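Each of the next two complexes has chain A plus one more chain, namely chain B in the first and chain C in the second.
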Partner chain A sequence: MLFGYLIRKLRFLTSYRNIQHQSGNSANEETKVEKQNEIKIQKSLHENLKNLKNILCDSQDLNVHSIRFGSESQFSAAIVFFDGMIDNPTLTDGILRPLMLWGMGKKEDPDDTDLLNILEQEVVCASTVTKEEALSELAAGCLCGETVLLVDGCMGGLVINTKGWEKRSVTEPASETVVRGPREGFTENLRTNTSLIRRKIRNGQLKLEQLKVGEKTQTTVCLMYLEGVANPKIVEEVQYRISQLDVESILESGYIEEYIEDAPFSPFSTVDYSEKPDVVAARILEGRIAIVVDGTPFVLTVPMLFIESFQTAEDYYVRPMYASLLRIIRFIAYFITVFAPAVYIALNSFHHELIPTTLLFTFAKAREGTPFPVFVEALIMIFAFEILREAGVRLPRPVGQAISIVGALIMGDAAVSAGIVGAPMVITIAITAVAGFLVPSQTDSGSMLRVVMMIPAAVLGLYGVAFGFLGMLVHLASLESFGVPYFDSFSNTRDMQDTLIRAPLWAMTRRPKGIARGDMTRGHFFIPPLRPFASDKHQEDDAQEGGES
Partner chain B sequence: MITKGKRIVALLLIFMMLPGLLSGCWDSREIDKLFIVTGIAIDATDDPDQVDVTMQIGKERKGEAGLGEAQTGGSSTIVLNTVNDTIMGAIREFNRNSNRKLLLQHNPIRLFGIEVAEHGVKKHIDLFLRDQQARLEVPVAIVEGRAADVLTGTLDQDPLSGMFVAGLLEDLSKVSVELQVRMLDFVSRLLQETVAPMMPIIAVVGEEDKKEIKTVGMGIFKGDKLVGRLDNDQSLGYIWAMGDVSQFNVKVQEGIDKAILHVSKLKTKREVTISDDGVVKVKLSMEGGASIAEMEGFGNMTPQNLIPHLKDLAQEEMKQTVTEAFQISQGLNADMLAISATLEQRHPKKWEKIKDRWDEIYPTIELTVDANLKILGTGQIIQSLEMEEAMK
Partner chain C sequence: MKIDQSQISSTRFMYTIAFFLQSSALLTAFLSSITEHDSWIPVLIGGVLCIPLILVYRSLMVNFPENTLLGMLDTVYGPVVGKILGVGYVWFFLTLSALNLTDLGDFTKITVLTETPSMILAIFCVLVVVWAVRHGVKVVTRYSALFTITEFFIVFISTLLLFDKIDLKNFLPMFQLEPIKYIHSTHIIATIPIGELVVLLMLTPSVKLSRKTATKCWFLGVGMGMITLLVVLMRDIAVLGNTMRMFALPGLVTMRLIHLGESLSRVEILFAVALMMLLFFKVAVLCYVSTIAIAQMFKTKKYKNLALIVGIFVVYYGTILYPNNVEHVVISQEMMPFFWGIFEIVIPILTLVIAKIRKLPKKQPEKQKQKQEVQHAWDGS
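== the complex of A and B ==
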């Protein structure tokens, strides 16, 4: 609610500024556009090459290879491509070889107008060959890793798909590991990623929409969703928000996330992401929309509900009872990671009567001689932990190990025996830190909120903790992701099947109410066969019926 | 009309003010700025208007090394002692003279010196009822001699003697709820004018460096003054009469033959009748299951006739103990079995009539005790080793 107000205010201010900005610059921009359109393709190969090089700033990695072909080598042509962006065998076998061999023993040579068409349709062997007449299009083709074939005397050029560059192969994702379940993860290649999803959902309804975002980077962004299952309104909203983007570069899906999320000032993310095709496929099947961005293995999915952070891929691969247990543990862990330091501070500075006497003596002994108040002590420990964690992530692996050993020794033992912090505090922070990793996509919100919660706890005790908790709940309940309330799964009984507990798959027959529209049924409810050889009996029945009829 | 902007600002203000307005408890105190009180003892002084207050502060519990350090020498308690005209005054004095504040919530025991108990405890318990920090569930006890001795002495059993006494009484309460008297129980009996409050008595025994704490019985109050006592055996009579005892032992003796019977789940029904001319009769019927815990002698008996015999002996023993305890209370004219309370509940009209004469009636009450034990088992063996010869 508060954030909504802020956002509206900001939006108004920026739009106001943009209007002023545009009115000053509009004349300038128009001339620029015209100037680009001016460069047109010529008949002369030499001219065309010069212009093309000009557009591409005569970059050093631009390869221009002049060739002559035809029965008497009467045609001169040039192939233009960026070194390293193309696949050399395709170039040789698909373009060069056919060109060289073509015309051998031919009597009649085609005239210049037909030449390009003949080359396109009869000679060049590649998956896609398109004829373009604008130099800018030819340049764009080059930038995408395609090869441009220009022939002297022809008004136009061929853009031939020869894309091929070094890429990482499909490996197990480092951020989401599973004990049971598929181990493949997305790569940096967009096409690989979309194919990984399509291989999971072999259905014609799986629709893919492609957009180019980023003025300079021209990054391809794909929306993938199930037509007839995803809510068309949400699809429209996502398309609208992405099309509204006016940015220079998109280097990672995080860029997109930041521009399209609903609550930019909230500690809670309203756009979820995953590195695993099976997770994204499952979300698409629930009616969500996946946003695949070229150049990153992290695929965004919207709308996001709060409960999504507590669901993992493995929840659906192990048996439901154990999955439910894990679910509950994850909720408790998140609660611990946000509130444990706050509660510890509150108990230590206000509610001594709530601590069992024996434990109180232990606390008192540990507190004896420590120099700082418990709040400052907690801050120091959390700060130290965050430093160590960040160091562990950033440092090269061999050094990282050394850091963790030093960190563990300093934090765990030396600090306590030197009397800088008490041992119970170390235990509290340790469990807080470990619990935070149980809910990976809320780790960031957890580490921010635990500091926020400590302040009311230090000022008001447990009353403050309760107050903070209430505030957090109010904020969470006020959040929305693409028009779907953040707490949607808790608000109706049917969607509760996949919240605190994970119902058996055969009982989850309907898609989540808030997200999907249209085809809501996933399957029919049935209880797995209890009698042995039930299927045999079934077949017999069928056979009998068949015989009778 | 309030605009939306104003409403949000107002909401924000309210949210920011709420913690300050609703709480006001800025009494944050770190644990290292507290003295954890593990016992309070109240003793009499020569001046009847003054009170001698002793508090035991626990520093650490034995065996909880905490940080893996070697146990430091020195005492694990601090004992504060002062003479003041009120208990609150004493607490204020303790707080004034130290950099720490007393934490009373965890105080597990309140002790009264026998002299204070004899003079009356009423004026010393007001604070414990009034103060928020002081809990009504805390057990109370009388100490033979000076109560402070329990807290000052270094005990072999547990350096934190206050915690130890509390634990001791807690264990006793598992035998019978009547053996542990909490402040609440004491005061509620005190408020029923005709009922005599009870309080366990403990004593410090042993030499200077080998002190031990023992329970020695129950003190019987008349009003708020200690008037008499039951020793440990007689106390059994009291708890049997009150009923609801989870387990205890009865010792029976016949010449040189001895046996201990373990009785569990004793239930006592009481029947109080009052005739029109004000004669009160009380009938107690006890029922419970027993098993043989230990046996010595009875060489001339067979197992078949031994069990009924033991049962008769135990029943007789129980009857006698209860009667004896009751006679002591009649001698003190202190209604420790709360018979007056039963009368008030069951015969409210008749009670109104005899209420004023209760002190005259109580010594004349006729008590009949009926005990009915069931022998449930003989333990792992049936006959004693001495009996074997008789079998042959």
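== the complex of A and C ==
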């Protein structure tokens, strides 16, 4: 509460300062902008090239290639591009070759004003060619990997699409592996990613909106959603939040996530991500909005519900009974990963009567040789585990094995035999740690909350755990993701079809209520084996066929 | 005057009613020490007799859909008398919160943490309650459905597990006590669990309720709650019989008897934790209502800042209410039913009657129509 109060005050102060800053400097800024625009394109090729180089700081990888073309080589021109950002075959076949060969048999030469239009429409062979008259636009084109063609005597230049750079091919994602289901994953290239999604949903309703974010990085951010299915209010909200961003750089979708999420101080993330096109496509089909960011294989989806962390792509590819079992196991695992250490502490320090007698003796024996209270013991073990996990992620591959041996032997066995922690505690932390990986997108919240839950457990036993749990529930209930309550699927009875159990696909005929608007039906309810015989028409067809044969 | 802008659906309101009643299943000791093994009879009679009372509540909600209880009093009795009654109600809400909080603390002290001062337990509980209250009615009532169903589940499972201990002879002899005892018990049932529902009138402006759904909600909710209460009482009587009046918490003693071979025994703590959670949400609703009421008394919309103050007040109020648990039970049995009766039965009925005489919701029809149309639009979407 106090924290929230401080945050609100801070927010107010920053906005106040911004307003003052803006009102004070607005005049200055305007003049600055004007100064930038002052460099206008001129007729002389030499001047233009000089100015363009100036804008691009005369960078060494800027290639300027001067050419002469026309029937008598009377036009001098230059193509400007950044080395490594363009596709060389396109450049030679689409621009250089047609230019050089053009005008061989012609008698009349076009005048300067027409020349660019003719070049744009008749000569250059590329997917997109645009005529630009501002030098800044030409420079921006260069920076995107496009080629700029400047002709002497023309007020303007052509920006020709020759984008092409080294990129990773579509591979199986490392973070989300499946036994059954498509194995392709997103790559770092924005276009590849959007095309991967579009290939899953071949429908005109799939709408794509492009935004540029980041003052320095100029990162392209795409919103993808199903028009008529996604809630327009949420779409508007997402657009607003992204367009309001006044930041320098966007290097990963995590940046966007942090800037647009609803609850920055909650352990639970309110924006979901995925690396798999089929997962994102499924979410778009539910009415969610995908945010594809250039340069990262992680695609964000909003709004996120708590239940989404427990749904995996595979749930829908295997048969419903088994999928439901897995779903329940995942819930239990998350419960274990948050509460197992807390409950262990509570049982060990307050509620001995709940432990079966034989087990109690084992516990007592284990506790006999250990010097620390259970709470401290648990803290030590959790800390050790987190260190090991982080080491496992960061270490170079070949060293990883050594770490796992150290982890397994030293931390587990040796710690027990040395009498630092008890064996039951090692088991508890081990199951806690392993269970955390069943719900990948809540691993971070789990590892934070388990420490938080241990404190009330150490102070008030199971009562403390119960109230810790209630506090967590209250917090979860108060969260919202883009106007949709985070716990929506648990309070709407109709959305229960996809929570604790996963209903068969033919029974999930409606989209989630909180997310989608407009077109809510996904299909008609039917029970599969009956289908061929359910309609009379089919039967008639069968009869007719029978009669004919 | 609408203080909390968020709204809840009529279904959630129904479950709120249900779990409000269910959480009283802990406090069967008030009854069992008077009518002993016949305690289920007053529950039945009380349930039937309270139908008109529930109709009164429902009518108040339907007739004044944009007012809280205090707002209704203001419109019906005028600003001065309404305010005086309003102060009374604020005191009533705060006392109820404090009582329930003390119950929660005592219950925990008896069952789980025998050596911890109940003050600590209460403070810990209130911290979470305040957190919930600050998030408004949506959060306070969000889990009502979940907990109602959980409570059903617990009652069902425990009855099943106690099947070997149930002895139907424990119900005999029936109707052997003095008639006054039955009346006394019925009075307690009418005021303590059912009459307390009057606090839910404070939620009126936050509930999307139409004339049709209101009746359904109230009766289904009360029905669910009363059935749980009845089943719990009958289970306890069937298992414990005449010894029931000896215990402060008969329900817990019953659960302590659960033995299923070697695999399952001494599970009452798990039940206790579940019941604690139920009581927690009751306290949360009560604290929310007190906060809203105080906010309305002082005509402020910043109820969030009041939540912590109300919480702290309730903790201290709870400690000075009774010197000990026995007195709590005695006063609950002998004084409270009459005292609460004023707030729960007399004033609501009087309010409704005066409202009818003064034909009070004057401008309402139009507004109500609009509201209903909005609701239909909501239902349709």
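Following the convention adopted for this analysis, the second predicted complex is superposed on the first by the 519 of 549 C-alpha atoms of A that agree within 3 Å, B and C clash if a C-alpha of one lies under 4 Å from a C-alpha of the other, contacts with A are read in each partner's own complex, and residues count from 1 in each chain.
The rule is simple: contacts are C-beta pairs under 8 Å (C-beta built on N, C-alpha and C of every residue); 3 or more make two chains touch, one makes a residue touch a chain.
The model shown is predicted, which means the values in this text are computed figures rather than measured ones.
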Assess the superposed three-chain arrangement around chain A: do chain B and chain C clash, or do they fit? clash
Any idea whether chain B or chain C touches more of chain A? B
Output check: A:Phe467 vs chain B and chain C. Expected answer is one of first, second, both, neither. What do you get? both
Of the two partner chains, chain B (first) and chain C (second), which one does A:Val416 touch, if any: first, second, both, or neither? first
Per the contact definition in the header, classify A:Ile328: touching chain B only (first), chain C only (second), both, or neither. neither
Let me test your reading of the model: by the given contact rule, A:Phe490 touches which partner, first (chain B), second (chain C), both or neither? second
For A:Met448, is the partner it touches chain B (first), chain C (second), both, or none of the two (neither)? neither
Contact-wise, after the overlay, does A:Ala507 reach chain B, chain C, both or neither (first, second, both, neither)? neither
Classify the contacts of A:Ala477 with the two partner chains as first (chain B alone), second (chain C alone), both, or neither. second
Would you sort A:Phe350 into first (chain B), second (chain C), both or neither based on which partner it touches? both
Tell me which stretch of chain C runs into chain B once the two are superposed: 112-120, 184-192 or 274-282. 112-120
Contact residues common to both interfaces of chain A (with chain B and with chain C): 1, 350, 353, 456, 460-461, 463-464, 467, 471
Under the stated contact criterion, what part of chain A meets chain B in this complex? 1-2, 5, 348-350, 352-353, 357-358, 360-370, 373-374, 416-417, 423, 456, 458-461, 463-464, 467, 471
Which positions of chain A touch chain C when the two form their complex? 1, 350-351, 353-354, 456, 460-464, 466-467, 469-471, 473-475, 477-478, 485, 487, 490-491, 493
Which residues of chain C touch chain A once you look at their complex with the stated criterion? 11-12, 108, 112-113, 116, 120-121, 124-125, 128, 131-132, 134-135, 138-139, 142-143, 145-146, 266, 269, 273, 276-277, 280, 308
Contacts from chain B onto chain A in the complex sit at residues 4-5, 8, 12, 15, 18-19, 22-23, 25-32, 34, 36, 38, 58-61, 64, 66-67, 103, 105-106, 108, 133, 163
